[in-house]
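Everything below concerns the one structure shown next.
Chain nomenclature is as follows: A, B and C, assigned in order of appearance, with residue numbering initiated at 1 for each chain independently.
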Amino acid sequence: MIENRQESLRLLEAMIFAADKPLQVGDMMQWFPNVDEGEIFELLKTLRQDYDGRGITLVDNGGYWSFRTATDLSEQLNMEVEVDRKLSRAAMETLAIIAYHQPVTRAEIENIRGVATGRGTLDILTESGWVKPGRRRETPGRPLTWVSTSGFLSHFGLESITDLPGIDDLKSAGLLDRRPAVQTVPLSGELFDEGGEDAQDSDE
Amino acid sequence: MIENRQESLRLLEAMIFAADKPLQVGDMMQWFPNVDEGEIFELLKTLRQDYDGRGITLVDNGGYWSFRTATDLSEQLNMEVEVDRKLSRAAMETLAIIAYHQPVTRAEIENIRGVATGRGTLDILTESGWVKPGRRRETPGRPLTWVSTSGFLSHFGLESITDLPGIDDLKSAGLLDRRPAVQTVPLSGELFDEGGEDAQDSDE
Amino acid sequence: MGFQEDKPQSHIPEALSPDALLLKFESYEGPIDLLLTLARDQKVDLAKISILALAEQYLDFIDKAKDLRLEIAADYLVMAAWLAYLKSKLLVPQSDDDDAEEELSGEALAEALAFQLKRLEAMQKVAEQLFDLPQLGRDMFARGASDGLDVTISPQWQADLYDVLSAYGAIARRQESANYKPKEWKLMSTDEAYERLCDMLGKLPRKGQDSVWAMLDSFTPDDLKDALLTKSTRASMFTSALEMAKQGDVDIRQDGLFKPVYIRQKDRDDRE
């Protein structure tokens, strides 16, 4: 039970502000021993409203809460940023495929791209903290799947995967089908078996 | 001249938040080319008022501006978490020597263990409440002695320190078993007994 | 799914001449990517693209690449072979007596390929859109100087009596081994035995050129009381005897298992 709402809001605000990384409601609960998750969530929403339209905003990236500067100030802030080395096209595409098709196996990624995934690609994405291995798919060979992380959401300022640009359109156009292309046409046959899928089989 | 006061406040807020160190008004002026120092100072005061009574406050330390968590919350933010930890082997042995040989000086402990005792070891044992400093030994240098506490007795379920099993008890309990390597030497049964026990007798 | 008209920085400029396409050959991410680029070149919606025309363009492209002796990866050739097959299927109407019941029709295969192209294009497009989103550290910023939440970990030390006792046992055990001084054993070394054997063999009576046979055990000192010394003497004597036999200085004989071992000195010209 929240005894003093105003004090709880202040503490929550200070906590998220002081933390050196985004906090989950579970983390916050340690500071509020007698408050349940729903109440903290309620407080967070109030706090987010308080910052609405300010230069700092409270953001929720997949359940991880943090303060960020408002994105529309980007240009004016014009902070000097060390430019990260740009991701390769292969890495960008792989990231997009993982984000939009997750959970997705390496073989599926290769199938969608029509090319084998270089060793470094998933490494780089994992190292950047944007993707991580998910559960194994319960199919023969139990291949590992890849999923995006909260760090990915946080980096691109997304609240959840459903906020990915154009995801609804892609879905309704049937383009978020991870199956090999042939399986998406009514009669399944032996299309690409020789080329594209060989690469993938050898990987698993 | 400030054209849009609200936007300027937002920018200022974001700027101070994102800066990696407190900012002076002079630093901020780079972002506001047509605004004079007094006006920025005016904005800062407004911003400070906005945060009055919140969990985050805007503070001015000798002309250096930064956001800080409200000082009255610092105690609540600092949390103690109790974690079960196992004592290191060095700490365990030191504890045992203090229990068996008390009052015992640090030099004596080191002599018995045959290795130097790190500073942290006695600190940890003191923190655990199992040992405490005793009287100083009336020998040159007046070294501090260490003794076990009543907390030690109660934690380990002992009535008194004399309840600790003696060397013979430990031996019969198998706690003084020799290294297996010795037993592989032929005739060790007869040949090694005197040697081995000599050493250990001299300890008591 | 439209084209990239609104994104001029797309990785491959549109409407490249075939030669320009060839120049970029190595930058294609596989045959599907190349096909996609060729498809974009048709400047029509992918949904309306002519797979047949596309297959021809691709085959043409590969031919040109071959003429230029460009290194062509195997999967490009596999795709070329497959597209040639697809082309034939699309051109030749399927006959009824075709045993291709389990095979897909040319149209179905073309549809699958079109789907794959559309899907890849969609992914390439959203990859760009994704990186156009505001990014942390570029367009939005976290707090510059975070002070970190101060969580003090106060340990509850865990130990039970057994830990204390076994720790003490470990110390006692260490001291035992530290203070242990090995006893000095009375043993006969091989060197000692060798010397003794040589010396005594020289004093044996002669029988012809060689000495008489003598029991090896008779060379051991008579006054041995220590069992270990006796055993070590016997072992060293035997080893020495074997060494001498190897050098041709002595003969050794044993009449049966566990029977006494006899030894005699051989007289050799080169001796003494």
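Note that a residue touches a chain if its C-beta (ideal position, glycine included) is under 8 Å from a C-beta of that chain, and two chains touch if they have at least 3 such contacts.
Every value quoted in this text rests on a predicted model; they were computed, and no experiment measured them.
**Student:** Which sets of chains still touch one another once chain A is disregarded?
**Tutor:** So the chains, chain A excluded, remain one piece.
**Student:** Taking each chain's centre as the mean of its C-alpha atoms, which one ends up farthest from the centre of chain B?
**Tutor:** C
**Student:** Using CA atom averages as chain centres, what separation in Å is found between chain A and chain C?
**Tutor:** Their C-alpha centroids are separated by 34 Å.
**Student:** CA centre of chain B versus CA centre of chain C: separation in Å?
**Tutor:** So the centre of chain B lies 41 Å away from the centre of chain C.
**Student:** Which chain C residues touch at least two other chains?
**Tutor:** Expected reply: 141-143, 147, 149.
**Student:** Give the residues of chain A touching no fewer than two other chains, as numbers and ranges.
**Tutor:** In chain A, residues 15, 17-18, 67, 69-70, 77, 79 touch at least two other chains, as defined above.
**Student:** What residues of chain A sit close enough to touch chain C in their complex?
**Tutor:** Result: residues 15, 17-20, 66-71, 74, 77, 79, 81, 84, 87, 89-90, 92-93, 95-97, 99-100, 112-116, 154-158, 164-167, 170, 173, 175, 177, 181-182, 184-192, 194-196, 199 of chain A touch chain C.
**Student:** Can you list the chain C residues touching chain B in their complex?
**Tutor:** Counting only chain C, the residues touching chain B are 141-145, 147, 149-161, 163-183, 228.
**Student:** Across the complex, what residues on chain A touch chain B?
**Tutor:** 9-15, 17-18, 30-31, 53-56, 67, 69-70, 73, 76-79
**Student:** Which positions of chain C touch chain A when the two form their complex?
**Tutor:** Of all residues in chain C, those touching chain A are 1, 11, 29-33, 75, 78-79, 81-82, 102-105, 108-109, 111-113, 115-116, 118-120, 122-131, 133-143, 146-149.
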